[in-house]
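Some structures are shown below for you to check.
The same subunit A turns up in both complexes below, where it pairs with subunit B and then with subunit C.
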Partner chain A sequence: MSQATLERGLNALREEIDAPVAAFFSSCVNCGLCAEACLFYTETGDPRYTPINKLEPLRRIWEQEFTLWGRVKKALGLTQPVTDELLQEWEPLVYDACSLCGRCSMVCPVGNDIAYMIRKEREGFVASGNAPEGMKGASARAVKIGSPMGVKFHAVQAQIRHIEADTGLEIPVDVVGADYLALLSSMEIMNFPEYIEALARIFKQAGVSWTLCSEAFEATNAGIQIGSSDIAAELVERVVKGAEKLKVKYVISPECGHAYTAIRWEGPNLIGRRYPFKVVHILELLDELRVAGKLKTQGMDEARLTFHDPCQIVRKGGVLEPPRNLLKQVAANFVEMSDHREMNWCCGGGGGVSANERADELRLKVFARKKSQLDELNVDKLVTACANCRLMLEDGLEEYRVELPVVGLTEMLAEHLVEDNE
Partner chain B sequence: MADSNTEIKTLGESLRQRGVSRRGFLKFCTATASMMALPPAMVPAIAEALEKARRPSVIWLSFQECTGCTESLTRAHAPTIENLIFDHISLDYHHTLQAASGEGAEAAREAAIHENFGKYLVVVDGSIPLKDPGFSTIAGISNLDMLKETVAGAAAVIAVGSCAAFGGLPHANPNPTGAVSVSEIIKDKPVVNVSGCPPIPTVISGVLAHFLTFGGLPELDDLGRPKVFYGQSIHDRCYRRPFYDKGLFAETFDDEGARKGWCLYRMGCKGPMTYNACATTKWNQGTSWPVESGHGCLGCSEPDFWDGGGFYNAISIPDGDIARNIGLGAVAGVAVGAAAGMLNRNAKADAAARHETVTVDDLEKTS
Partner chain C sequence: MNSPIDFLLWVKGPAFDIALAVFVIGIVVRLLEIVLLGRKQDLAEPKGGEFGPGLRTIVTRTLPEAGSFKQSPFTVIGGYIWHIGFLICLLFFVPHIELLHSVLGIKWPGLSSHIVDAVAVVTMVTLVAMLIDRITHSVKRFLSGPEDYLVWLAAFLPIVTGYLAYHRMLTPYPLVLGIHILSIEFLMVIFPFTKLMHTFTFPLARWYNGAMAGRRGVQS
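Then we have the complex of A and B:
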């Protein structure tokens, strides 16, 4: 068995230096605007949490090995090397204090995609053995058991049996030739099985041909979070093989943020080939059904409610309008948060932070940002479209002693569904 | 010219003999003190020192020059105390001014070196050609040899004018004679650069007064010029500066702005990058100076002012063949960029070749 070493880590950092990274580091004017965009800085006031500062190890490699002056300075002994101690010191900045939410990339005046670089920098931390224990465990479970939470398919089957017994609906599994393959996140399987039920009811009403896959049910990708393209590629490959085996036309990314980033945006690059199918987010599919008149709902939710934009789906995924279109169909009193759509604030638990127990205290502290956003609105209900956000929101609200129900958008739509064949 | 046979030994006696009153002398001392930014308490000290100053021997060497610097100092107007100080020194050798010629002249120079060895001052105007010693010789001696020989026993060297200070016009591109400044040859003696084309007479007499008063040379800037005269830019002392600050510029020599005395920056005034005392001491006994007479500063007290682009180009206009320079810069930039790109691509490719696939079994540092 091989092991993680500093040399492997440094090599991984070198591999990650590409034209955008070089351009970004050369362009940085040290203005510090990214600090004000990061909830880990705004809620703590700790300058170490300035996003660009989290990139110091990667920046040093770039400067010392990819720039002329850096090489000269290195030859003269004027530079500080990237050591294991440096990586250890930076590990909490890179993993505990960054949810890869990408808000910093939005405000950078010279257009530096800082989140893109942190994702790359994590490759070096993983290869040198400086990743948090919680995320190492989640990655190992994802690869060896099939899910970061250790969920096996028989747990899914158990939930299916419950739902089938409750609703009388059939949940299709391993149907070859179905149009859509629905993926699930283990949080949905274990904490929010209402999502599976909602899918079954909506798809039945809309006449969508769909299936689950016993070999590829897990949508989450611990490799993306810990920052290992090798592990991430293995997990993406699993989904692609499952979809190919069932010959589906589409794969549906569930109400989970980073799963969408993994399967939709990073996936083909990770495995190095085109998919023989298309990837849609569940909200995109539901909006298509709405436009086609296949998503019929009745009644309006009168509660004053707002929508928490999951960073990976909205800011990084570009799914901005579908959740609004869908919400307006069933909510009479929908209000927007102060910073919404692409400038929304993260729940604090993205990018693997929720899988990293060491970060719990910090995560709950910075949740103050989300709480103050909610305080401004005085809402009775909070809707979101990411199981991880939902869990983090519930956890944060409990910590701050706020009584506020959090629901998933798909499940809310299902509640208002017109089931005319019953 | 000072007569070497006179009985007069001190400056005070010399001045009184020429009809300068004690009051006039003290006024000069006060002006000198303020000009050199010395406190008023120094005035009696200057007066006392000058009064008692002994006649220093001065050897004046003229090399590749136009005699404009000498003209500046000896120009025809009512005698001033500056002139008298100049008269007071024992100017033992000066091509233009000395009566002697031929071997007699050179003998005077050698005698001055011999008698005052280690104490005399050498004033140089003009640059020194290095390409061929035959380009400029005096009595069959090349400028370089004469300079080295004369300076060997000097207390200090005063390089008068931009040619001696920085190479000046002979040094201008393409510099056919290989002209260099005094300071490029003399490394073991203090060299004061009194630049300007020509320099202001007061500045030369001020440096001499400083030497007579304190027995040493004034504080110099990074170009070897006395800070008291060259410490501020023309621009900072210019009476037209308020127009610059308001953005009011003359665009031609006969437009409304020119008639109203607006800033001459856009007509090529080099005042912002030129350090000299013209704006405060003025010329021709304080009558006027270039900017006051309606023409921009040429920057004559700065190195290589001849090669600084057109005199009528604003400072912000780049000099030289712009298209060619940009072309060469682009070609060099592309070449360096491509080489750096290749190097970086190799570094990245090497790293990729050394990549060991990360599996969940090697996330820990120790196996």
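Then we have the complex of A and C:
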């Protein structure tokens, strides 16, 4: 990355201002309703965490350079500039206290998509050097090593060998002409390898032609979290090259939420061209298999359980029904949280917050929101579909001394698979 | 401008023309400033449409999300009351309809002035309550700057001066009426330069929000 300077940061902010941003800033009347939609405000009561306030640096650039009246005010010395000090002061608000969950964007009465703007604002922060060390490290590892957690392909191979030895299943790698290329997140590789096993079992039963790619296995995108389009584009390009090389028809985004946002929604815009393949989320694919009668399960989990909607998959990704359809196939006592689907509350660790150690204390504090949602339900099991959410949920539950197993939906389905169709 | 009549004539004549010009040209410039920025073509394969979901969000955001309403009922209800009250006073007071008829050439039935009078009182009380809320609520106080209080004043003055004029509470009448019209002109002149612009930009903002979510298969 080129040297970060204030000037680069300001230029990055300027480049991010478009018609939606201008319409949003023009419409805000400081009603404060977005605060109540944000767990960083509701759980701390700190007005600095009001979502729209996190956008003050971007708002100043818009007002002073993109409105006639703002330019007059600036010329008369009636405005405050965006300085390094301002960006430093706002950095924890923009990175530690926003998980890009987008809940605020659902409640603003004038319709402001605040999360859209914070994603954009981060471009200016990273270009000016004002980003958390934890996220800078994750981005650097993602570019140099190929994974934000420093996971190399031999680690994936080690997991593959384990799974193959345990189950006798074959995990295809670098198969040219397969229909589907499955991507993974580092967290799945290191913390939840059950996911890979679940894929192998389900795809075997359903007769899905699939492969992993040794050069493009990592789906997560630290560039998007920190807000660097350059890094993000480089990471997306790896996946696209891998998919093109193997001539697959589809790329499967893993459960991981922001990976889906990265590869499904931001990817083509980052690299500036449409993909020659389609991207599906694993839950979308599983739901298609279910509808086609290719996902045969047996038995019902009798535990009272609920589903935590990962923000990027559901609210920001539009995968609303598949997790419910799939859960109902294997769970007898599925109950919804009070706020669910597109109004669900974040686990607190999205948008790079989990990669930013400085934010740990705040993240665990605001987890109280998820805990109170769970308290209302009195469930015995919590299901989700994002490795990051899952880790954050486990971490939060441990912090609040709640004994509640957290499971991934894909592996839960795999556990109920009928395996008689050899 | 020595007499109240001169003042009234000035307010109704040259001052109104200037205010109207600033209002109209200012709004057009502001809207062009927004729309001409455009937005990049989205290359990701869409899951849903943009146009329809955008229009839907324009309508649905008129009602509060359930959680926000529960958390901030005063902000929501107060907002409804004063906006609707202001519009009733503006658009359904018979003298206003006559004035608009002379300018725009269209007219519609008005409300009895007793009803408009009562609505004006409710609107004023609500606006004062909302000002107190803005000063005392931790989030609103934190967010608010001089502009927020200026636009509050700009919305409040026309109602108060209209009320005073209607009840002949100050004399001479031409002076009070002149002040009332001047307060509207103040509102019109600052309109394009302040967040009063949300009156015209909120449909745009809601549309973009709904369109971008709609593309991803979510109704926002």
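Convention: the second predicted complex is superposed on the first by the 418 of 422 C-alpha atoms of A that agree within 3 Å, B and C clash if a C-alpha of one lies under 4 Å from a C-alpha of the other, contacts with A are read in each partner's own complex, and residues count from 1 in each chain.
Assume a residue touches a chain if its C-beta (ideal position, glycine included) is under 8 Å from a C-beta of that chain, and two chains touch if they have at least 3 such contacts.
If you're wondering where the values come from, they're calculated on a predicted model, not measured in any experiment.
Clash or fit: subunit B against subunit C, after overlaying the two structures on subunit A?
In the arrangement built by aligning on subunit A, the partners subunit C and subunit B clash.
For A:317, using the defined touch cut-off, is the partner it touches subunit B, subunit C, both, or neither? Pick first, second, both or neither.
second
In the superposed arrangement, which partner chain does A:86 touch: subunit B (first), subunit C (second), both, or neither?
In the superposition, A:86 touches no partner, neither subunit B nor subunit C.
Is A:66 touching the first partner subunit B, the second partner subunit C, both, or neither of them?
In the superposition, A:66 touches subunit B and subunit C alike.
Check whether A:35 is in contact with subunit B, with subunit C, with both or with neither, and answer first, second, both or neither.
Only subunit C; A:35 stays clear of subunit B.
Which holds for A:173: it touches subunit B only (first), subunit C only (second), both, or neither?
neither
Using the touch definition from the top, say if A:24 reaches subunit B (first), subunit C (second), both or neither.
After superposition on chain A, A:24 lies in contact with subunit C alone.
Thinking of the overlay built on chain A, is A:404 touched by subunit B (first), by subunit C (second), by both, or by neither?
neither
Return the chain, subunit B or subunit C, that is in touch with more residues of subunit A.
C
For the combined three-chain arrangement, which segment of subunit B clashes with subunit C: 22-30, 94-102, 310-318 or 346-354?
310-318
Under the contact definition given at the top, report the residues of subunit A touching subunit B in one complex and subunit C in the other.
Correct list for subunit A: 17-18, 22, 66, 68.
If you look only at subunit A, which of its residues touch subunit B in the complex?
1-5, 8, 11-12, 14-15, 17-18, 22, 65-66, 68, 126-131, 136, 139-140, 142-144, 226, 228, 230-231
Taking the touch rule as given, give the residues of subunit A at its contact with subunit C in the complex, in rising order.
17-24, 26-33, 35-37, 41-42, 45, 47-48, 50, 52-53, 66-69, 105-113, 116, 264-269, 272-275, 278-279, 315-320, 339, 342-343
Where on subunit C does subunit A make contact in their complex?
29-30, 33-40, 42-45, 47-48, 57-58, 61, 64-65, 67-68, 71-72, 75-76, 79, 137-144, 148, 151, 192-193, 195, 197-198, 201-202, 204-210, 212-213, 216-220
State the interface residues of subunit B toward subunit A in the complex, per the touch definition above.
Residues in contact with subunit A: 340, 344, 347-348, 350-352, 354-367.
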